[in-house]
Every structure is written in C-alpha cells, then in structure tokens.
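Got a structure for you, written out below as structure tokens; questions coming shortly.
So that you can tell them apart, the chains are marked A, B, C and D in the order they are listed, and the count of residues begins at 1 in each.
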C-alpha cells in the first residue's frame, strides 16, 4: 500500500457550546474536509456534532468514538461509529487515534482529552479553550489559534511532523 | 443525512492462522467488500491482516482497532487505524462496533471477542472456530458457516435484522 | 516489605445462579477466607455476592471491581469497591488482578473472563461452568473441580506456582 | 454489614517528584493512615510510592491500580495491586474509586486524573499542582491546601459529604 494515508485530526469540545463556539467547531470541520483530513471525535452532540456537520457538508469523512453501548447515540453526521462501551475511557482513544487535536471550548471531559493528548505527545491546538499553569508557571503546551482556518492549518502542519 | 449507513462487520481470529485459515479470512474480506460492507477488526496480523487484505483488494473499507499506543502497529491494509492504548479491552470495541461478527479460527483472544459479542446480543458466525458447552449442554449461539460466502451472507442478513 | 503478600483469587460467575450454584459460590468464598486468600470479583450480585458473603462471614477480605460509575452498585459484602466506569472492560481487570480464577456457573460475561484469563496465562478452575472445543478438539485449559474445597485448593496451589 | 465502610482517598502525582514533593506525598500518606482512610493510587513510583510508603509506615491500607499486565510493576508499599492492562485508562479507575482526590505536583497524567475527577464531581485538593483557566476565567474547582495535614483534612471532610 504505497498510497499515502490521510491525516486524522481530532476535534474535541463540550456538549453544550454557545452558538459562537458551535459555529467555530462547524467551520473547523469544514476546513478539515476541504483539506482532505479525516475528522475523529467523541461522536456525541455539541462541538462534536457541529464539527461533524461541517465536515460532512464538505464531503469529508467523520469518525465518532462513542462512550456507550450503541451506535444510535452518535450524532447524525458521524459516518463511522466506533462503539466502545467504556465510558470516558473512550476519550483516550479519541486523541490517540489522531495526529493532532483541535480543542474548541469544552469542560472537564475536554480537559481530560487535552491532558491525555499532551501526555502522548500529540499536539493540541486551542480555540477558546482551557489554559494551564503548573506550580504558578504558565504551561504553553496548548498551541493557540485565533480562528478555525489557523487551527486547522496548525494541526495539519504539526500532524505532518509526526 | 437520509442516506443509508453501510453495514459494519467484524472479522476476528488469531494472529497465527494456518495458510488455509488465512485464505478463508482473505476470502471473507473480499466478499464483505464486494457486498459493500465495512470491515472492522483488531488491526494486527494473521486473520486480521488477511481479511483486511481481501477487503482492500476489492476496494472495500477497513478499520483496525488497535491495542497499543501507535498506529504503526496496524497491518498495511488497515485504512482507518483507531488507537486505543487499552490492550485487550479493545476487543470489546471491535465487536461492539459491528452489527455482526465473523470468527475465523482464533485462540483465547478470539474467544473473548466471541463472548463479548454474545453478551451484547451481536450475532456471531463461525468458520472453523470455537464451540461452546455450558454445564454439559451444547450452546448453539455461534452460527456455523461452511465457507466464506455463506459466512458473509449470514452476517449481512443478521446485521440487517438489528 | 519482606512480609509475604496474600494470594488474590478471582471468583467469577453469573448474576442469576440457581440456589445450588449460589451455595457453591458462598462455600468457595468461605474456603478462600479460611485459607487466608483475598477474594476479587466483579462486585455485583449472584455468584459474586454469594462468594463475597461467604468470605466476609469467615473474616476474609473482598474486593469488587465494578463496571459502573458508583460504588453504590457493589453488593453489601464488598469491602473494597474499585469503580472503573468502563463497563465490561472491567472483566479484564477482575481476572488480571488474580493469581488464579475460580468460575462457578456463569453466562457470556463469565465466558469472556475465562477467555481473558487463559489469554493471560492465569489458571482457571471450573465448577459447573463452560467447557470449550476448538475446531472439534476438546480444549482442556479449564481445570475441573468437583466441589468448592477442591476448587480453592487447586486455585491456591496454582497461584503458588506463579 | 452495618459496620461503616472506611473512606477511600486517591493520591495522584508525578513519577519524578522533587525531594520536597516526595516528602509532601509521604506525609499525605502518613496522615491518611493515621486518620483511618484507605489510600488508592496508580501503584507506580514517585508521588505514588512516597504516599504508599507513608501510609504503610503508619499501618494504613494501600491500593495500587496499575496500567500494565503484571502486579510486579507495583511499588513495594502497594498492599493490594489491581492489574488492569488498560494503560492510562486506569487513571479513570484511580479517581472514580475515591471519595476525594489529593493531587501533589504531577504532569499531564495527573492533569488527566484531575479532569476525570472533576468531571465525575469528585472533590480535588491540590498541593503544588496544576491550576486551570477556561476562556481566560480562573477555574477554582481545585481546592488549594497549604500542607499535607490540611489536604488530608479537607479531603476527608469533603469525602464525608458524599
């Protein structure tokens, strides 16, 4: 199989984004699809659904790695549902399956995914998301982006370095 | 998204099949692809690789759900590697992501997948694989098939019932 | 810490045993406690509860590795609840935490635990449980016992070999 | 079983603490044991080992939930090794098994545990550890403590509220 594999980028974020954040996530999904990347996410609603919607509308491929026991919980824009039955342990598979991660907004579940990604040396690009300090020192591991296009470009560039 | 989702069928089996068993697995993969199904498996060698090879050669889609921390462990015919980092717990995701499971040969890892599938009411079709008795009573939950085409037909029919 | 660690033995089995099977499981728990072993199980009802009850009544220690998100699901005889939130993936931790496994009765969940144990080279002793054949050849990996005392003695002897 | 169950408190932190941080962790372990709590941790070295050492020296009980396939990886002060074979997914079981979590120092693995705990509404007390902001707003979910005794007292009080 000499053909080049497509890049896989994770989009992570909360289940209840503001309308502005949902719009950011949809645009991230659109841009990933335009640039030929596969989108992987946690498969549920909110940021995950908005990103899958964006990718689907541009003809991109979407994978949803689900926490529960049924593919029926997947949002309607997930094309390939992966059913784990493992609850939040699936967060680890979401980020490990990607060459880079884009975090949009998000609560503690998203923070756990950011942490698992950084622990695995997978680059994390942040759009309106968490920032971290450790022992009063700023941790700059999350790479900031100002808009969806910049987030996708940074993710694809860093994925290329792997 | 009114378009009908493709069926996803798991192929499970051992890492060190005999040449005859590898041939069975490859033919299962070919037939799944010919009938338009997506193949999901554990992503490594042996039966998994043979099935992915068959599906790929017929233009089908292949997903490999991997136990380790890197997509590099995937066999070369896996198109979409899912990286779990969870060891044998990934066996559960392999079967839960499918609407039916085809077991070819296999050792205790395959037996664990058969058990997890039956526990989740996911149909299991067997080709030269385990048979089960409980308290000296034959358990006929594994549906026998005589050849790859029959296994695939039974799997797709039962997947349709879900 | 030069003091010798206690042996840990898993008791696995179904959630809805017959009265006779529940009695077997309770007696397994009693005998494990009398011989100073720690009992680990899946923490829920049926065989798991009967075994924990037996062990507790003889002053033994009981660990329950739970599938859900709360220790409240543990049966009342679990002294140390381990909460995984990982569904049936916890089956793997139940057997891997033991030096030997005693299976009493059981359905497909128990079968998955037997398979995971055998895959990890952890001895399995069976009391009225599954028997296995592969490609029409009997697989004798499950070591048969005629009664609870024999099961416990075999488990502790084999655990000693590890 | 009318007897009151002991409280279980998780101690989380990095594998390579400074000598000062290791001393903090050991003192946390000592104080937990003095107050009759059970200590649960990830079972390996660094902060985990220092805390288990402290608890063991005061006669307390220690549980280590391990990422790999063998109890041999446990530090010598772990009395009850739980073997998961699930890699970092075991981080989730560490925090979910506790009624409160004390974080000492720590890197991204610890951050993932903090996040999983907060997601599950399990109180987190921090000693020289991460601090969090979201969208430029300080998140004060991690309860600060100035010393090990204060951390343990806060953990036990909050565990009592559950």
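Everything below uses one rule, namely that a residue touches a chain if its C-beta (ideal position, glycine included) is under 8 Å from a C-beta of that chain, and two chains touch if they have at least 3 such contacts.
All values reported here derive from a predicted model rather than from experimental measurement.
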Starting at chain B, how many touching-chain steps does it take at least to reach chain D? 1
Please decide if copies chain A and chain D contact each other with the same set of residue positions, more than half shared, or with different positions, and reply same or different. same
Could you see whether B-C or C-D has the larger number of C-beta contact pairs? B-C
Cα-centroid distance, chain C relative to chain D, in whole angstrom: 28
Tell me, which residues of chain D touch at least two other chains? 69, 85-89, 92
Can you tell me which positions in chain B touch chain D when the two form their complex? 69, 85-89
Touch list for chain D against partner chain A, complex: 86-89, 92, 105-109, 111-112, 114-116, 118-119, 128-136
Interface residues, chain D side, partner chain C - complex: 1, 5, 8, 38, 56, 63, 65, 69, 71, 76-77, 79-86, 89, 92-93, 96-97, 120
